[in-house]
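Okay, so here's the structure we're looking at.
Letters A, B, C, D, E, F, G and H mark the chains as written, and numbering starts fresh at 1 in each.
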Amino acid sequence: MLIKTMFSGFGGQGVLSTGQTLAKAAMLENKHVTYLPSYGAEVRGGTANCTVTISDKDIASPIASEPEFVVALNQPSFFRFQNLLRAGGFLLYNSSLVKPASVRGDIETLGIPSTGLAADLGNVRVSNMVILGAFIRISNLISLKLLLKNLPDILGPGKLRLLEINKKAFQAGYNYIKE
Amino acid sequence: MKKVYSRPKSLKKVPMHYCPGCGHSIIHRLIAELLDEMSLRETAICVPPAGCAVLAYNYLDIDMVEAPHGRATAVATGIKRVRPDNMVFSYQGDGDLAAIGTAETLHTANRGELISVIFVNNAIYGMTGGQMAPTTLAGQITTTSPSGRNTKTEGPPIRVCELLSTLENTTYLERVAVNSPANIKKTKKAIKKAFQHQQKKTGFSLVEILSSCPTNWKMDPLKSCRWIDEIMVKEFPLGVIKEVKC
Amino acid sequence: MNKQLMYGTYAIGEAAIQAGCTCYFGYPITPQNELPEYMSRRLLEVPGGVFIQAESELAAINMVLGASVAGARVMTSSSSPGISLKQEGISFLAGSELPAVIVNIVRGGPGLGNIAPAQSDYFQATRGGGHGDYKTIVLAPASVQEMADLTFLAFDLSDQYRMPALILGDGMLGQIMEPVVIPARKKKKLPEKDYILTGARGRPARLVKSLILDTRQMEDHNWKLVRKFQRVKQNETRWESFLLEDAEMVVIAYGTAARIAKGSINRLKKEDPDIKIGMIRPITLSPFPEKIIRETAGKVSDFFVFEMSTGQMVEDVKLSLEGRGTVHFYGRPGGVSPTPAEVARIMARHYPQSKSTGKK
Amino acid sequence: MKGKILIDKQFCKGCRYCVEFCPKGAIRLSTALNSKGYSFAEFDEKKSCTGCATCALMCPETAIEVYRE
Amino acid sequence: MNKQLMYGTYAIGEAAIQAGCTCYFGYPITPQNELPEYMSRRLLEVPGGVFIQAESELAAINMVLGASVAGARVMTSSSSPGISLKQEGISFLAGSELPAVIVNIVRGGPGLGNIAPAQSDYFQATRGGGHGDYKTIVLAPASVQEMADLTFLAFDLSDQYRMPALILGDGMLGQIMEPVVIPARKKKKLPEKDYILTGARGRPARLVKSLILDTRQMEDHNWKLVRKFQRVKQNETRWESFLLEDAEMVVIAYGTAARIAKGSINRLKKEDPDIKIGMIRPITLSPFPEKIIRETAGKVSDFFVFEMSTGQMVEDVKLSLEGRGTVHFYGRPGGVSPTPAEVARIMARHYPQSKSTGKK
Amino acid sequence: MKKVYSRPKSLKKVPMHYCPGCGHSIIHRLIAELLDEMSLRETAICVPPAGCAVLAYNYLDIDMVEAPHGRATAVATGIKRVRPDNMVFSYQGDGDLAAIGTAETLHTANRGELISVIFVNNAIYGMTGGQMAPTTLAGQITTTSPSGRNTKTEGPPIRVCELLSTLENTTYLERVAVNSPANIKKTKKAIKKAFQHQQKKTGFSLVEILSSCPTNWKMDPLKSCRWIDEIMVKEFPLGVIKEVKC
Amino acid sequence: MKGKILIDKQFCKGCRYCVEFCPKGAIRLSTALNSKGYSFAEFDEKKSCTGCATCALMCPETAIEVYRE
Amino acid sequence: MLIKTMFSGFGGQGVLSTGQTLAKAAMLENKHVTYLPSYGAEVRGGTANCTVTISDKDIASPIASEPEFVVALNQPSFFRFQNLLRAGGFLLYNSSLVKPASVRGDIETLGIPSTGLAADLGNVRVSNMVILGAFIRISNLISLKLLLKNLPDILGPGKLRLLEINKKAFQAGYNYIKE
């Protein structure tokens, strides 16, 4: 098993912390994992993305060549990164911000109104965690239960006050798919 | 209705890579306007730096050569000595000009090279992600001064214009800002003056421009304009620091 | 310490701290800024910790020289153009026999190049980009864990042999996060630093320098450095081998390229279990593991070198083999990181025909 | 004096400089996003724009053209 | 021009002037100060002549970059530590494909070393002491006359291929006076400089740079540089051979070491006319004359490499031979210039036993 | 009779390599006297430069490390930060400190490193054979300014003390000379003051010493002493340029 | 006050500083050369040296020792 | 034929120009010739020396390993450089300044009071040319006649006013040996 997922969106949408959360959760399940942020001159106020690779063996290359999953938090990412996906890959997007136009025929797509769901929870900033909840449900890469258990470790002492709202966000996303 | 303002010809019609509200973008436009107004497009040669403005060549439609980080004035010296009739200017950030390029800046100024320097002081290393610059303010938090710049061990911010003003062959040094309409107008005038000094071969000219970096200051653009007014100009007073008759 | 998800740069930084590094001097450059940033925070917590963002790479490497001669464990880091600027200083460190750990997170070059991962500074690192006859130790990690482990090693070797040790990473290793355990420092018995400057209290004055005007003495000094490096070669050469036993072809690659190559080999094996490709991954690029490569040449005739450059380490492979095998080279310079699949395709093409399985 | 402005919404990055500095309050930020994901500036025809070009002077993206009678 | 007794440094300077060099930027360092001093006087007499004693070697190499991109023929010079400081700039010149002539009058190293003649910067010169995948042309004169001749060549090759050309001398060649004739410049047909910056009058704006953020483009650029260097190798590789026809052993040496080695061969021949030692003297160190060496390996089994270093070019000899012969090495680093008699002694010791004459 | 002057202990009893009448020799002796008088021999660490004084370690009997040309203050910074209780000083020529080392000098001073700099200004590159230095006087002929320094294209001589005095963290800057008994006494006092400032940790201290180079000035030693008085001090006025309370 | 000086003639390089600056004219340069080929300074016992040490202060080679009653 | 000669003395004695004069004269006789000055940190106001190699073939090494001749203009050179001489070599010295003590047994030596002879000519500064005249007589390396003929070329336009005094100096040295 070796699964690559790319998270992408605007700089301010918490794209990188979404990826890191997934990576840490996978690590705490003793999986092999790499997290690779994109960087570069072109990032200046533009889009951000990162790639999380999860495997049960050594990971050869951490870069997102033909990822299995793309999670797109905004419109430009939706367009740009669906092309990277391997045939049969899965494109999950924030349907609150993304209009799912012109999609490749050989991939699966699913929208989830994560900004909306986050707003319902009272904090649009956890929109990224909502979508991560949904992603976990879809990908089955890690266990939500363990994630919730390990969450204090994952957030770290500085962000413990966000524990509850994050938990709710994960569950909201997870449950949205269930429904 | 008459068109009273439109994009200067010397500014290529492409979106810039700068962050929202970044001062570099405004300064680029002012330079382009002057290239048009002073008919300099065909003689200008610009030396952009390593820094957020490294891609300036994508925007300004004039001859350009990229310098290694900090060495723009040395490169400009080489060009100007070979082509004394061209309008040669460098465009440099505070890290570029006042840290790694300190020696080149000081000696180019001291030799009185007939070039103009557009010096963008945003009190931070923009391109590399917000490290402390030689012009970072006392107490300012950056990614490499996590508890704020300690002037006792890291030194106070360097005032480039004041430092260079002690050198005989510097003939025009002004500090301006691009945080308000009035200041932007002054900035344009100052750059024009610098170019004129070069044309009249009076000596070395430099315009220091206080410029916002909302991203690394971690402020929204408007707040950063205010920060320049309220905080930054206290350390870096605006105005002509030195001018000899042109 | 527990397993943590850590950036490669942070792993170096934390390992350095655990190894007793109290001084860091550096100048920002992508893709390694996270290392000075980490050190600027961490060294605040270390008693006597010194962090200076120097005015330039030149200043940084010379502050390193000062701190080293004063007896501290000291580190600097940069990326390609910045490392070029440090070459004079590195030559001085080597000439003065001073320890220091120097990290190069290589990016695409030449010139300003780009900030993507590359391996194009191999020559500079292993052949002495600086002037004069000298060599440095060069360590090439291939994972975040190894970035930590080799940082400990770099400090120890550097002190033990009194020579600069370089860690040659690349933009990929600098940027990724991986699980890592930062071990506690195993205190090695190292020679006492009887050369450091502390003020001549109760002993004759000390002098550390690289100027030797007398040519005979200078020659002696040069040969002494050569002999010292031969000792390093004898004692400290490190590599990892993989599936070497019955290999028909041996891949040689280091760092990120080695990870990719390993992935390629695994792919080919999955497609065709009879395919027999082994690998040697140099961990010390300098000293280069030439002995194992030469020995392997007795059993294997084809060597496949893969580098993220136009071909630099391949010279060391050829020098190791001296004609004893066929060397195939595949290079992707300029910041391109090819996929394991792509490299596997090329590998398969060079797999000895007569020995290829199945399709015979 | 009467004026108007044209804003290239694809160039706009929503910095709000024009909004803040327009003496006539004739510019506001959209609720919609442009293709780069920014709320962009919109001219309010109803306000008494004088064509003073202050907005263009401030605009980092040179996204504004100004017309005057 | 008439025969004159001239310093090696002056010969370079005067040849540069005759070759149309109008700009010199440099910083003093022994043993090559006479070159900037000469240029400071001579460029006063040249229309448009520019001489700047820069504030440092870094400033100098970047003024060179500026003058080059402005279209001038431009030169800089230094000695080992100063050349180390220029490595970033050289990498930028190579990456930006800008011509320039860079003279290194090598002294003993590493570090401050000494000011005696040495050949220990061979690696730095030929392997790119700077970062990134690039090569430069490296020319190695062995006499004052050749210092003049190769200076002309350096300017022409540098312009023709748009890459920096290095002249690698040593303290001996820099300091001696010998008779020399500075020829008039033979104007070669060179490609028009259609990239230089003159202001965008009547043409699109031009851009010269080494930053290429797109990794695929950067890779293309890297391979383009490789192909360019292969053309240089094909067309411009130069060497001198001596008594090669019936040689039983071939000596390989360059520069001052080659002069000494030639003297040694002559000595041995005088003692024993049957002794058959030939020599190959690389004139271009980069590209290295590997073809002639490889071809010679068909007829000769023993190669004797002599360098005034601990052994650097010897790697290129081995890479050329790939095991096709036995390579003996003799090195005298640190500024020592051995006598022809001494080197002859060592040569004789390695002369193939079975073939040695008389004493059989 | 009582011995009232003899060789200081910290000055090794070996002949120096300097030319007859060279100021370096006098300065070495003054430093050695102070090392003795202030009991600093056991804590002092000196960073000599590349320059005529590169062999200072043959004469001063204290711990020393050789810096690359121009980088002495960076090296001293590294040492002092590790060993704050040692007396750390660099010894640098004008080429070393004000040309190739400009950036290091300026930033070390700006950071206010607690080191002392002995800056020997002889208006020439002594070691390399008399090339133009950053402090070479207007019109002065050197081997690389064959028609005299042209201040229009080569710049006027740089006044290091004045330049550094604008930096907040410099706390003691004095210019002295070693061309007469009175001046030599003042020089010794100035170096002592610099060392005291370091001991009291006030900030960065530097003593600029006008010093003769008879060889490259092509004057006999006595003439060069007079030249300092009559010509050099006009460009480089003697005296305390800056001192904060110690 | 009465004084005298001792000059180490092998250290002296004949720069004449002591000769020039001695207020009593008590030092002159030898016609002989030392082993390095310099005319060296010689003390003239007959002049009224005061032991003021000015000569030692000036001497670049630290070649002079001064004694005083 | 390959003959090395080392000239040595104090910096001010014109050691280097003596060597250059010999080298230029040899060049104008179409001989192979190299001139190598010594240099280095230790030169500061100390001794200067240079080596002239004259040959009828290519010159392999211009350095003074085992020279045939040493011309010593002062005492330290006399001591220091006699050790370099090959067995059977010749040491010519300025007897006005050098006391010929402790000499190797296997070399020839000869003193000539060149400072004195130069003083007789009214200019002690040509002492070096006096000794060069003597050297030419002893070594037979170049022809005095050709030297005198070529002297304007050798001195160069800047020093033509010294033509006559130099000629006299050469002859004085040359003739001193004859006598």
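By definition in this document, a residue touches a chain if its C-beta (ideal position, glycine included) is under 8 Å from a C-beta of that chain, and two chains touch if they have at least 3 such contacts.
Remember, it's a predicted structure, so these values are computed and weren't measured experimentally.
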Via touching chains, chain A connects to chain D in a minimum step count of 1
One chain pair leads in contact pairs, namely C-E
Averaging C-alpha coordinates per chain, one finds the centres of chain A and chain E separated by a number of Å equal to 56
Chain-centre distance (mean CA atoms) for chain A and chain F, in whole Å, is 62
The distance between the C-alpha centres of chain C and chain F, rounded to whole Å, is 40
Chain C to chain D, mean C-alpha position gap in Å, rounds to 54
Flagged in chain D as touching 2+ other chains are 13, 36
Touching two or more other chains in chain B are residues 18-20, 22, 54-55, 66, 68, 99-100, 102-103, 106-107, 111, 127, 134, 154
Within chain E, the set of residues that touch 2 or more other chains is 30, 52, 55-56, 58, 81, 88, 92, 96, 111-112, 114-116, 209-211, 213
Per the touch rule above, chain C residues touching chain B in the complex are 27-30, 33, 36-37, 40-41, 44, 51-53, 55-57, 81, 111-112
Contacts from chain B onto chain D in the complex sit at residues 1-8, 11, 15-16, 18-26, 29, 180-181, 184-185, 214, 220-222, 225
In the complex, chain C touches chain E at residues 58, 80-81, 83-85, 87-88, 91-92, 94-96, 106, 108-116, 118, 120-121, 123-124, 127-134, 209-223, 225-226, 309-310, 312, 315, 318-319, 321-324, 332-336
Given the complex, residues on chain F that touch chain B span 99-103, 106-107, 110-112, 134, 151-156, 158-159, 162-163, 166-169
In the complex, chain G touches chain H at residues 13, 33, 35-37
